[in-house]
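Going by the order they are written in, the chains are A, B, C and D; count residues from 1 in each one.
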Amino acid sequence: MDKIERFGVSMSAELLALFDERIREKGYATRSEAIRDIVRDYLVEGEWEDHLGEVVGTVTIVYDHHTHELGEALTDLQHGSHEAVICATHVHLDAHNCLETVVLRGTSDLVRRIADRLISTRGVKHGKLVCTTTGQRIS
Amino acid sequence: MDKIERFGVSMSAELLALFDERIREKGYATRSEAIRDIVRDYLVEGEWEDHLGEVVGTVTIVYDHHTHELGEALTDLQHGSHEAVICATHVHLDAHNCLETVVLRGTSDLVRRIADRLISTRGVKHGKLVCTTTGQRIS
Amino acid sequence: MDKIERFGVSMSAELLALFDERIREKGYATRSEAIRDIVRDYLVEGEWEDHLGEVVGTVTIVYDHHTHELGEALTDLQHGSHEAVICATHVHLDAHNCLETVVLRGTSDLVRRIADRLISTRGVKHGKLVCTTTGQRIS
Amino acid sequence: MDKIERFGVSMSAELLALFDERIREKGYATRSEAIRDIVRDYLVEGEWEDHLGEVVGTVTIVYDHHTHELGEALTDLQHGSHEAVICATHVHLDAHNCLETVVLRGTSDLVRRIADRLISTRGVKHGKLVCTTTGQRIS
């Protein structure tokens, strides 16, 4: 387990009152927890700017599964990058529309390139990449 | 099947050359496909600003599964919102770290509120919400 | 002058070391200053979500001043909203290209609407709105 | 003057109707103008990712001018980077609060570094950088 350090933050009473109000709305139990979350998010950004380290990304795509050969194209793409694709989850939104989340792991350049290919595939209506972390450096 | 319309776009030759270069890098097969994607993304934003319609969101969270009672807290939260939670996928990143993607469906306010609760849970290291669509209006 | 409060934040030593490294790169002198900045940014977002309060926005537009009647159109637009436009600064980037920054003040809806009109004017090549604050509540 | 090219875009009637509705709200006169704007924004992003070319940035900062020596610190910072600072505009928001917009020109790394320094200066309440263009390649 990591050693825990404690440090002081000074802030005007007015600013602190506004912050407390906002984090209560967001569901945080303590100020420390909210500040740790903001700090971690700031650091995950840094991991993605670094071209050598390993990151994790989740791609969400929405598409019409009736589109000719789209399902196959997406599966082929994922198999072609199998060393980076951890898993995919498929949701049937209605008779036509599917959602798929694909979890990817590798350098930020590789994860972005695979995400770009999935999102730009013809027939994919909407796609977004979430940049997250392996959690190894972020404690 | 929807009726397809075709319209003309005028652009300087120089601007068009730069656009063609960029979308080739991103993996688009045609200009139409790239422009449709940009347009759909622009519209999904609008769906999220609308408080009445139904949207779909994917939450990605990374956490240490050794954190006391965190797994249970996350499961309870999802069960408490079962009408909006479609499914969750769990990935074991290493001996300590887990990643979970949760697919949510409902009004944008409801999806955001559940996402805020999941992300602000003590022990969750990093969390992000992707705002996407049911695909019903976006063709 | 506001009363200053001080509170403690606990964080793993590892996370704190990464944070210290990142804020040093960004040029912060102390942790408190970095955390106050992150907190203020979080609160300015909240001011913009509130439809009643007053906010400040800066619009930056780049355009070719040879475009027929564009300068006039932009000036007319600003005069038509004179109660919200505080000032505009004009920069000659080269023989053709101009940059203009326009400072706006009002409700977030009004500031956004004027910014949308400026940015969508034919001949404006690029435009962006910065959402900031009057500074009155944010200390 | 650049040569103008015209190309066709195909889209479902339903998607096109939603797009027309959204761009009307934003104030666009024609589809071509809206699409050119979206394309230019996509390209300006690319200019900022390129480390060699020249870009333009506008920094907006809000601060309390009573903060001890802040005005001087900000002026010193700008003089120390005078080759990149084109101009600064100062607005008196009220008896305490000032807003300043600073227009910067240089490589994206240089513009970001100066912006980071301005925003992280102690006493600056809020600061944001807008990434824009010299307009030379974007027609």
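Please note the rule applied: a contact is a pair of C-beta atoms (placed from the backbone, for glycine too) under 8 Å apart; a residue touches a chain by one contact, two chains touch by 3 or more.
All values derive from a computational prediction rather than experimental measurement.
Traced through touching neighbours, the fewest hops from chain B to chain C number 2. The geometric centre of chain A is 26 Å away from that of chain D, both derived from CA atoms. For the pair chain A and chain B, the distance between C-alpha centroids works out to 9 Å. Across the assembly, chain D contributes 40, 138-139 as residues in contact with two or more other chains.
Viewed as a network of touching protein chains, the structure reduces to one closed ring of chains, two contacts apiece.
Contact between chains, using the touch rule, shows up for A-B, A-C, B-D, C-D. By the touch criterion stated above, chain C contacts chain D in their complex at residues 23, 26-30, 33-34, 37, 40-41, 44, 56, 58, 60, 62-64, 86-87, 89, 91, 93-94, 96-97, 99, 101, 103, 105, 116-117, 119-122, 124-128, 130-136, 138-139.
If you check the complex, the residues on chain D that touch chain B are 2-16, 18-19, 22, 31-32, 35-36, 38-40, 42-43, 46, 137-139.
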